[in-house]
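Two complexes come next, and they have one chain in common, chain A, joined by chain B in the first and chain C in the second.
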Partner chain A sequence: MRRFGAAQLLMLAPAQALLIAFIAIPSLYVFWLSFTESSYGTGTLFVGLANYEAIWQDDAFWRALVNTLLVINVIVYGELLISFLLAAVFVQGIPFRAVVLAIILMPYAISEVVAVAIWKFMLDPQIGSIARTLAALGLPDFDWATNPTQGLILVCLISIWLHLPFTFIIIYAAMLAVPKELYEAAKIDGASAAQRFRYVTLPGIAGAVLVALIFRYILSFRLFSEVWLLTAGGPARMTEVLAVYLYKQAFTYASFGMGAATGWIMVVVSGLVAALYVWLLHRQGFRKDA
Partner chain B sequence: MIRTSRRQLLAASLAAAAPTGLAAPRGASAQARPSSLTIISHRVHQQVLSEGGGGDVLADWRERNGVSLEWVTLDLNAIHDRAFREARLSSSNITMSYVLNTRAVPSTFAMFEPIDEYQQRDPIEEFEDFSPGMVRAYTHQGKRYGVPVRHSVNALHYNEAYLQERGLDRPPQVIDELVEYARKLTFTKPDGTQVHGWGIQADNYSDVVSMARAFGGDLINENMECVADGPGMVRALETLREMYQDGMMPRNITAMKQNDMITAIQNGQVAMQYFPFGRTVLFNNPRSSRFPGKFGTAFCLNSREGAARDEINTTAEFWCMMIPRNGRVKDMAWSLIKEISSKENTIRAAMNGNQPARVSAYADPRLLANVSYAAKEAQSLRHARVPMPAFDRSAQAKDIFVEEMQAAMLGMRSPQAAGANMARRIKPLLPR
Partner chain C sequence: MREGLPMRLLRAATVLFVVLWSGAPVALMVLSSFKPTTEIFAYPPALIFAPTLEHYRTLFEKWPDFLGTLFNSAAVAILSTLVTVAASVLAGYVYSRYRGTAIGASALFMVAIRLLPPIVIILPLFPATSLLQLNDTWAILVMLYATFFVSIGSMILKAYIDGIPTELDDAARIDGAGEMQTLLRIIVPLAAPGMVAAAVFVFVYAWNEYLFAFVFTTTDAKTAPIVISEMMGSLTGVDWGALFAAATVQLVPVTLFVIALQRFLVAGLTAGSVKG
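Then we have the complex of A and B:
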């Protein structure tokens, strides 16, 4: 059995020190800040739970929370579904696999700012190529700028397009790792294609899917650029998400206490979601391997 | 082997430190005259001091002082965010910051240096020449904190080619004519371009507040009372709603930023809009506009009664230069501010496109000869009011206004309900 002593602790110390200096201490500072009223040019005043109370009573916060939960679920499961379909096609083997793979991965290399600017330009109702094509085909207008639902749909589309490669590559790699012998055995036993997917593929990639889900949930919770650059939360703050709400509190209104409180609420909510998936991951995969 | 006692070591250390101590004032002196000074501003502030008919305004000063200027140019919110964050530190490399009037509130003044002592010691010539209203905005508890440097008085910009094409021989003059003009100027060109008669900056309050004032209303009056639920503001919201629903404004207007609006005007997609006078240079620029020389300026729309009394209904915001309290070279900062503010340099900057804060600049023959709109701008400046007075929570008030205004315009709420919501939500933010 390996011994875990002072030497090992010493070797771990630099990494631990970095984590404490750059994550733990700032987090605790922000936690303390969330109980204060603080702005530029003013002192810091302890106000207890007043910031959390103000957020609780703010309609804009609840709208942002609902928007965030709706959008991240559409994004995460949309990406998952498309990734499943694409990966299933890829594992069967397709012509020009490397080229098609590069095309699918390409959006991940594009800056979010550039991507949103391009989509916004293409969907401009007056001069946008997509908007004009829709009009030429006699299809209804896509009013993403003034219709909050359509605005959020566009946010989902852009986000899925940008981040699909991440989920796809994880699921594709997991599918490739499922032993071929299992499929052959299932085939010999008379399993249909659907049964092979249900009883061989799914259990084989479940761990990878959960990892992809955890990462995408946590990253999507911070969704900011797509909304900020596309609609800035408008019209009438109807497309605001939590990260935009936080930004406004902290940097537009210079209310650092409210911003800090919003940040901690985001940490707790995304932590709860992540905890659920980690528990599932533990139950389904890691516990067996332990 | 040499044996060294603790006492010897201490003595040697002190001896070694002595020359360093002597050198310290030289080091401090070197720090007092750095080779470059950092300024936080908008791009336009740098431009008007360096490019155009007035030339490089600060070239002599830089040479005399042997320093270069590092301009950190940012967008409106980012300027103040960065300037205030730097000003909160124990010391900062920022020599001078440009601050907008809406941010000139007591909490801001606490981070900047009062200028009275500098003015006494090394005065800026004819300080009383600066617009008194602007100086007052940067005065707190009897102390002055900034030197006004630029204003942006709004005008009505209109596309003369479209006016002619649609059989209109003059721009609208009173608010009652707005809808009729905007409707006539809304049409589809033979090449398929949709022209909208009217545009506003839908992510800001200035244009709509100006409309509300023309209807006899306001957002926050000079007594710091929110009167957005009054008939004037409701009428402005009703007018906006009608114009939006009837296609007189671009469909995606709520997602259009200031630059998008400027491009739309230059491309001929919007026929009329409020913008500061100086923007006419951009609209008429042959390099970027499809209608060079075809844009005119007129006074912003007023009520019929106001126009009959020769009153001008316009809004203006303004900038001043401030010295951070934690700055390292405050004397240099003052010297720079003094140079920019001199009478001669005010004229030169104005010829580069700046809207001068000195009243006398508008009587200068060079300015009148070179800037076509100077006389009209001077007249507007005399009547201009800020669209919203400065107070600590003005950024939140602005957001509430924009939210309710957009909701009314898009038909999500009735104009009456939107006006009432503005008043109900903004009143608790106002100083008591």
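Then we have the complex of A and C:
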């Protein structure tokens, strides 16, 4: 390990410059914007905490916050549960493994726009094959365009569909990495299959589960395109999530200040999640060293 | 290992379910793009039909800008991949081989800052890019895409370079190689799989990205996903055949790319997520 000099700082410069120019400075500017009133093309006026107060009193904000929390929990734990069950089946060996894995990975390559288009088509009450199958089975209509709850359910479905490959790969790779000898040893000691899962598999993949969980929490917190393209937050702003609320406040209702304040609320919440992430990783690292 | 029939059936059912779940929507879309319009809406969907290219013809007649936007998507994806991988190799090398307060602080900053939701920065960037006349250019998209993947890229490359014995760079140094020479001659060839892994991530993201492209482009630099979203929101009713044709053209190359490079993707995911 060597000490660094000017040359090394110069080598870090391109990456750091991008992050400073396109994330750090703009987000500091957003912080200032959140205390001002302005819209595109007009001057700015310092208004103190008025934007935060306006948001606090805005029902649409609270609905967006609640929707965001509900949706990301459904997405993250849904993905985790499915990945878990799949990985448990896959580690025992499956037929046509390479082909099956390639198909599971496919949604990773698909754009959010295309994913929304295909799910919209399959679930269109008039023309969709899934919707018509549900109707043929005598089930009630899946009315995602007018019923906010069902709209959000569809958002969750699309999001899980898109991101399952990510979570699955992390969990599956971790399960494959658990040393075989541990299972043999547990078997010799008379552990049942359930006990082997509980005392060998689970501790072996705990770190990966944690990483997948926090990664997906942070990424799904940004949820925008699926909602924007599917319902645009409607009907009557009932299906907005925070990113959509921010966008509409700033660009539809021309209130940059309220958009900026929403932005900083999002920054603080992601920051808390990030701090948890770093803290947990550190703790994990120390345990490994011990 | 011996196991009962119910267990094997359960396993087969799980595999079948996940293959249908992940694969059927894509297959339905690609197949439908070759179906005559009446067949697209047939229920249940037919697997056997007389294929037609009429939707591809409609696509290029009614949406003449689609080809140009595909070209923009390809250019932006390739350029942002190059920028990200270059910046990430440089940073990953320093993080792997050097220690010091400034290095540690820089790595922490890198990990922490990328946790910011991208939507937050569009507010100040939108007027700023108009002022600098960067709106609707490849440059703004390339910079933004590189920014959001340079952290994960650096962490993946640090993990790969950690696996290259330091004796190799020490030997090069004794032979009189400078820092850049060591990096280019010794590290880069050995870290190539890591560079490919980082490249897959950025490329797929840049090719498919919607939010930034939607906010920062209008005509000249418009990317393919934006045209597809416009086709979906068409006021005159959606032409599903043409929409599926566009989606197929957009998704087939990147899907083949991901499947061909899947081992790098898997390696990058495990390296980047466990150590990053």
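As a convention for this text, the second predicted complex is superposed on the first by the 256 of 290 C-alpha atoms of A that agree within 3 Å, B and C clash if a C-alpha of one lies under 4 Å from a C-alpha of the other, contacts with A are read in each partner's own complex, and residues count from 1 in each chain.
Quick note on the criterion: contacts are C-beta pairs under 8 Å (C-beta built on N, C-alpha and C of every residue); 3 or more make two chains touch, one makes a residue touch a chain.
Keep in mind that what you see is a predicted model, and the values were worked out from it rather than measured.
*Asks:* After lining up the shared chain so the two structures overlap, which partner does A:L45 touch, if you call chain B first and chain C second: first, second, both or neither?
*Replies:* The answer is neither, since A:L45 touches no partner chain.
*Asks:* Which partner does A:A145 reach: the first (chain B), the second (chain C), both, or neither?
*Replies:* The answer is first: A:A145 touches chain B but not chain C.
*Asks:* For A:V89 in the superposed arrangement: first (chain B), second (chain C), both or neither?
*Replies:* A:V89 sits against chain C, while chain B stays out of touch.
*Asks:* Taking the superposition as given, does A:A236 touch the first partner, chain B, the second, chain C, both, or neither?
*Replies:* So A:A236 only meets chain B here.
*Asks:* More residues of chain A are touched by which partner: chain B or chain C?
*Replies:* C
*Asks:* Can A:A185 be said to touch chain B (first), chain C (second), both, or neither?
*Replies:* neither
*Asks:* Looking at A:L276, would you say it contacts chain B, chain C, both, or neither? Reply first, second, both or neither.
*Replies:* Touch status of A:L276: no partner.
*Asks:* Who does A:L202 touch here: chain B (first), chain C (second), both, or neither?
*Replies:* So A:L202 meets neither chain B nor chain C here.
*Asks:* With both complexes superposed on chain A, which partner does A:F256 reach: first (chain B), second (chain C), both or neither?
*Replies:* Once the two structures are laid over each other on A, A:F256 reaches chain C alone.
*Asks:* Residue overlap on chain A between the chain B contact set and the chain C contact set?
*Replies:* On chain A, the overlap between the chain B and chain C contacts is residues 40, 120.
*Asks:* Enumerate the contact residues on chain B facing chain A in the complex.
*Replies:* Counting only chain B, the residues touching chain A are 77, 81, 84-85, 87-88, 106-111, 193-194, 203, 250-256, 269, 392-393, 395-396, 399, 402-404, 406-407, 410, 412.
*Asks:* Taking the complex as given, what residues does chain A use to touch chain C?
*Replies:* Those in contact with chain C are residues 1-4, 7-9, 11-12, 14-16, 18-19, 21-24, 26-27, 29-30, 33, 40, 85-86, 89, 92, 94-95, 100-122, 127, 129, 132-133, 161, 164-166, 169-170, 173-174, 207-208, 211-212, 215, 218, 221-222, 224-225, 229, 243, 246-247, 250, 256, 259-260, 263-264, 266-267, 270-271, 273-274, 277-278.
*Asks:* Which residues, counting only chain C, touch chain A once they are in their complex?
*Replies:* 1, 10-12, 14-15, 18-19, 21-23, 25-26, 28-29, 41, 43-45, 86-88, 90-91, 93-94, 97-100, 102-103, 106, 108-128, 143-144, 146-147, 150-151, 154, 179, 204, 207-211, 225-226, 228-229, 232-233, 240, 243, 247, 250-251, 254-255, 257-259, 262, 265-266, 269-270, 273-274
*Asks:* Can you check the complex and tell me which residues of chain A touch chain B?
*Replies:* The contact residues of chain A facing chain B are 39-42, 120, 124-126, 141, 143-146, 230-232, 234-238, 248, 251-254.
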